[in-house]
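As written, the chains take the letters A, B, C and D, and residue 1 is the first residue of each chain.
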Amino acid sequence: MNFWYFWFDPINFIARWLTGLLTGWGLASWLTSLIIQLVGAVVLISLMMVFDIFLVWVERKVVARFQDRLGPNRVGPFGIFQPFADIVKLIIKEDITPDGADKVVYNLAPVLSLMSVLLLWAVMPLAPVIFGVDLNVGALYIIAAGSIGTLSIIMAAWASNNKFALIGAFRQVAVLVSFEIPMIATMLIPTILAGSMGMNEIVQGQQTVWYVLLAPLAALTFLIAAIAELGRSPFDLNEAESEIVAGFHIEYTGMKFGLFYAGELLHAFTFGGFWAILFLGGYHLFGLENLGPLVAVLILFAKAMFGYWVIMWIRYTVMRIRIDQMLAFNWKFLTPVAFVLLMLTALMNALLRPASSGIYIAGMLLTNVVLGWIIVEILSGFGRRERQKAEGVATAAASAHR
Amino acid sequence: MTTETLIWLIPLPPILAFFLIVLFANRSKALSHTIAVGAAFLSWLGAMIVFVRAIGTPELGRTPFASFINWIPTADTWLKVGVQIDPLGAVVLFFVAWTVLMIFIYSVGYHNFGQPKGDHDIAGLPPHGASDEHGHHVPSVEPMYSRFFAFISLFAFGMFTLVVSDNLLTLFAGWEIMGLCSYLLIGFWYAKPSARDAAVKAFMTTRVGDVFMLLGIAFLYSATGSLSYRDIFQPQVLGALASVPTPIFGLSAAGLIGLLLFIGTIGKSAQFPLHVWLPDAMEGPTPVSAMIHAATMVSAGVYMVIRMFPLISLDPHTMTIIAFIGTFTAIFAATIAVAQNDIKKVLAYSTISQLGFMIAALGVGAYVAAAFHLVTHAFFKALLFLGSGSVIHGMEHGVLHTGNHEVDPQNMFNMGGLRKKMPITFWTFLIGGFALSGFPLLTAGFWSKDEIFTEAFGTGHWIVFITLAVAAFLTAFYTMRQITLTFLGEPRTKEAEHAHETKWTMTAPLVILASFAVCAGWVGIPQDFLGLHLNPTWFHEFVGSTLSVMPGAAPFSWIVLGTSLVVALGGLFVGWLVYRNVASVEQDKLQIPLLKNKYYFDEIYSAVFIKPATWFADAIVYQTMDKLLIDGVLHFFGKAAQAIGSVVRKYIDLLIINRTIGDGTARVTQWVGKNLRPIQSGRIQQYMLVSLIVLLAIAGLLYYLLAIV
Amino acid sequence: MIPLSWFLILSAALFSIGLFGVLSRKNAVAILLGIELMLNAVNINMVSFWRYGDVSQMAGQVFAIIVFAVAASEVAVGLALVISVYRRRNTVIAEELDLMKW
Amino acid sequence: MTVLQIFFLIVALVILGSSLMVVTTRNLIHAALWLIVTLFGVAVLYAVLNAGFLAVVQVVVYIGAIAILFIFAVMLTRKELRDRGPQLNRGWWLNVIIALLTFGGLFWMLQSWNGFSKTAAAFPSSYDALGQLGNALISPNAFVLPFEVASVLLLAALVGAVYIAFNPPSGDSRK
């Protein structure tokens, strides 16, 4: 019985045990709850950091497969201990602070960068009973944490006293501030569908049907905005090795660079997780999550890994685009699409909600399909015009040449 | 669908077509004419159904198809509008629907649909032809094709409204819509100054008649409180109207109203003395001439008089005036027609003359005869006009072929021998011409004209009878002159040699109308013709039943029959005889200046009305009233005000206001500004500091003051 | 429980500090920073009055949000102006931008 | 003194200290970063006041947008990264007096108000402040008009900012 209690509510089980223990020591109740919350946060963060190490390996392995290589395969079976070797390497490197750097800010930036990612896990509902806090403004919280990441980038770049870093930061900040808009707009779509901004309620709202079925275009838009937010290819022009060497973390060495790197990987995985939560049903998988919270956590991690894999897939397949193309893409395409989606979804949701669930799902899906079709038509028309213009220029040039 | 509903719906398709073409279809020529012809066809269909039901309904005269709605509330009653089809309305609807449909179809060909765009055609001028890829000159399509169909659709709406309405108000509305369309269509080629002038002339001249007609309607409404035929033609109402005297010419109210309404007809049906606009109206495209100025609109004037016959016939004076005007117009226009060289002008004067026949028939009380001639005339005159349009079209083809644009394709002396080139046009034109002349027994014109003669003779109007007989002789003469000059003999010009037959869209209406020009008369063969005892005259029975008392038919007379045979056959023969060998204008003995210049009516009007009016406007109104009197007063005021102003300026403005107040304040302001200048340092923070200190000071002061209180 | 006065005193202090910044800083951007401080002081007041009054009356929060909007607009336009001025005059020192004087 | 009061005092100290740094520090980037600390402190205060939504919005709008814009502006309006020389106007001591006077005036005014030191009723546990706020913002009986006006203001500011900062492609304004 004790075991089943643990199995179905492990966190509360441990919390109750700890409370008993600590009050037994004679501590004040507020101190006890504070300690327990701190312990919870520390445990969660530590787990994520360890998982981050695993992610390094995943990333290196996957990219290798994408590029038709083997990837790390010397340290341990399948090279699984390669990240530890990397860490050792990073730690023993010389820690350089450039001359003319703003030391405090310079050292604060990588911490903030990783912190902004870890903050996100506070609202991540891992299982029905395993979550940090159930904020009623969870969706906004994600954006808020993301803005701290933006801040860390600009701090790092400015403190480095380096032109390349500053250029990278400018680009990144412009991109982040811009892509926040479609991101918020598409995050509001699950919010509308679930009737709440809280992550838990959004996940619970997907008990019967995942929102990716109701709003596939929103899922796609969110993914694109998330990739831009992450600064990964094709939107990785904050790093853009071939142009500005490494962007904002050009001057960082050793473990400080490691923090940025780890933060980036974990960030990608986290957004995979949020993608799963907002659109892919979170820990729901045909009732399997009822077997126990740990199963639910596994399901969620698998889905998050899928999202992470999609992000990687795009990263290693698509080439980088220019900053002006990127901003134009956002302001002239993604933002309008996101707003149209938002309005249309709200409207259709209000119209179809009273209908039976079959009609509701079919109607929402149909709306998305029709809108997608219209978007594709508009895009292809635009593309045709551009192509004709280009061809016209080419023929004109050719005739002039002749 | 009940017949009443159907009658309501008859005028609708053309107006819808008008809006559709104007708003949506004006880019596509094919769509425009499809809409217009389709609308005309729908109206035709409705009209035919109504007509068939009407002739199948016994006692239609007593209980016509009628339906009305309350429209405008007047004090304690309603101004009603509605539709009504009685036997007269039915036959008018019949010929209107047919001619309108025919002319719509004809217009498609007339405006060269399917031909290429002109090389240098501009909107507002007739098309000049185009060159195709082989360098041949071919006719070019009308640039304002859609506009034409929109206008004639609107016109058709007006005509149908006029025919189906059961009261004078909607009749007048249709009447005026047609007036507008007439203006628009005469001036269709608005880039031609002559077309513009003709349009304005037509509009202004008919306006004179319309004003009197409106007066008549207003008088009628004030006298009876209703405009609907049903109410007006009540015996007690008519009796009251006939017995009320008016101070004008000693006419009764009925007579005066009838006279006023008849003046409207004079304008619309181009009777003397307001006939001057109709010949000039030939500047419009030929389908327009056919439809508006021969078949329908000018008939509307006659229709109105026939419609109001129970009222008009109450006063013998009015009837005398009507008879006089009609008879005079008939002979007068016929004499002018004899000397015209333009193929359309001849027909225009012929139209005036024939309308005179109808009016004269009404004047002698021949109600049915007038209606009969109205119907037959509409068919054969539309046929003649369309035929002339076909001839002109063929001639234009010749002109395009030779490229000699000096040759007028409308002048009959440039034609000749066209019967071989344009056989269908020739034969149909011949039928129409014979119908117009009253060729015995076969043609419709004979029967209707004969009936008018019989009535005039039978009622003892000798002068009318003889005058009309002479006019009929002249009619036959100029008709044969026209046919001879146009179709018989040898081509007088190269252009005539190269003319050829027009398209089926133009010839098909000709053939259909030609059959009507023959057959339409057979419904009106008198019962005792030649002393035989035939079936009762169907037309007489049917239309006559419109009146509350069936008019009696005048007895058959050998004198009348002989007269009508002599004038018709004699006129035709003489015409052929005289013009058989005429090769040029110089050989024509009838080019009498007096006739050629239409008795100088335009000049007389110019001298009598226009010149004095211009003189009055210029000399009296402008020079004396405006410049001398009004401007003088105004100038006086202006001068006086200026004088007062200069005094004020000198002693008050300059001295006190400028010197003391103006300069003084400026100086003070300048001084203050100079001394306050350092405050404006341009530093935002300093401003803020100062304003904050002031705020704190005032807040403290206020608090202090409030605390004390 | 925290008394309302603490919040009010804090916001008054923050407001005064912001005011000092606005009045004293040379750099135009820094002046805008001071304005942000003042706006935040106002917002603290709004929210605390909401909390310490009738919580079902949302006016305090609503106007806090409107202050957010105003602050965002003000910063956007203000900084755009500063950058524009810098391009033309090559300085952002408020005292040197005294073109609008006599 | 309860835990919450201690917590408040700490936050208040952070806010005041960092805001003082904002107005006094020489390095403008540091001033902007200090501003972020202040804003974060204010966000915490909102959370203490049960206005969670405002706290998050404070972070999103102020830290995520406004502060970043400030740092941008600072970077874009200098030729070198360091600020040299005094950053305060000459008569800054006068401004200290003015600020102190303002504070004194405000304090004096506030303490004369009888609701000055009242305490709040406990926050109703099931009260959905966020939902109420949302309703109030879009309810025609409440604040929909100010809300719309604010949105129009934002739009105008957007257009205005783009227009002002737009660098004409040709022209000699950039020297």
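FYI, contacts are C-beta pairs under 8 Å (C-beta built on N, C-alpha and C of every residue); 3 or more make two chains touch, one makes a residue touch a chain.
Note that the structure is a prediction, hence the values are computed from the model and not measured.
Shared contact partners of chain C and chain D comprise B. Ranked by how close its mean Cα position lies to the mean of all protein Cα atoms, the top chain is B. Note: centroid distance chain A to chain C, computed from Cα atoms, is 33 Å.
Chain centres here are Cα means. That of chain B falls 80 Å from that of chain D.
Centres computed as Cα averages put chain A at a distance of 28 Å from chain D. Each of residues 53, 57, 65, 72, 89, 95, 98, 102 in chain D touches at least two other chains.
Along chain B, residues 685, 689, 692 each make contact with two or more other chains. Those residues of chain A in touch with two or more other chains do not exist in this structure.
The touch graph of the protein chains shown belongs to none of the named shapes. Under the contact rule defined at the top, the touching pairs of chains are A-D, B-C, B-D, C-D. Put simply, chain D touches chain A in their complex at residues 3, 27, 29-30, 33, 36, 52-53, 56-57, 59-60, 63-65, 67-68, 71-72, 75, 81, 130.
On chain D, the positions that touch chain C within their shared complex are 2, 4-5, 8, 12, 15-16, 19-20, 22-23, 28, 31-32, 35, 38-39, 42, 45-46, 48-51, 53-54, 57-58, 61-62, 65-66, 69-70, 72-74, 76-78, 83, 86-89, 92, 95-96, 98-100, 102-103, 106-107, 110-111, 115-120, 123-124, 127, 129, 132-133, 135-137, 142-143, 146-147, 150-151, 153-154, 156-158, 160-162, 164-165, 167, 173-175. Listed in rising order, the residues of chain B touching chain D in the complex are 685, 689, 692-693, 696, 699. On chain B, the positions that touch chain C within their shared complex are 677-678, 680-685, 688-689, 692.
Those residues of chain C that touch chain B in the complex are listed here as 19, 22-24, 31, 94-95, 97-102.
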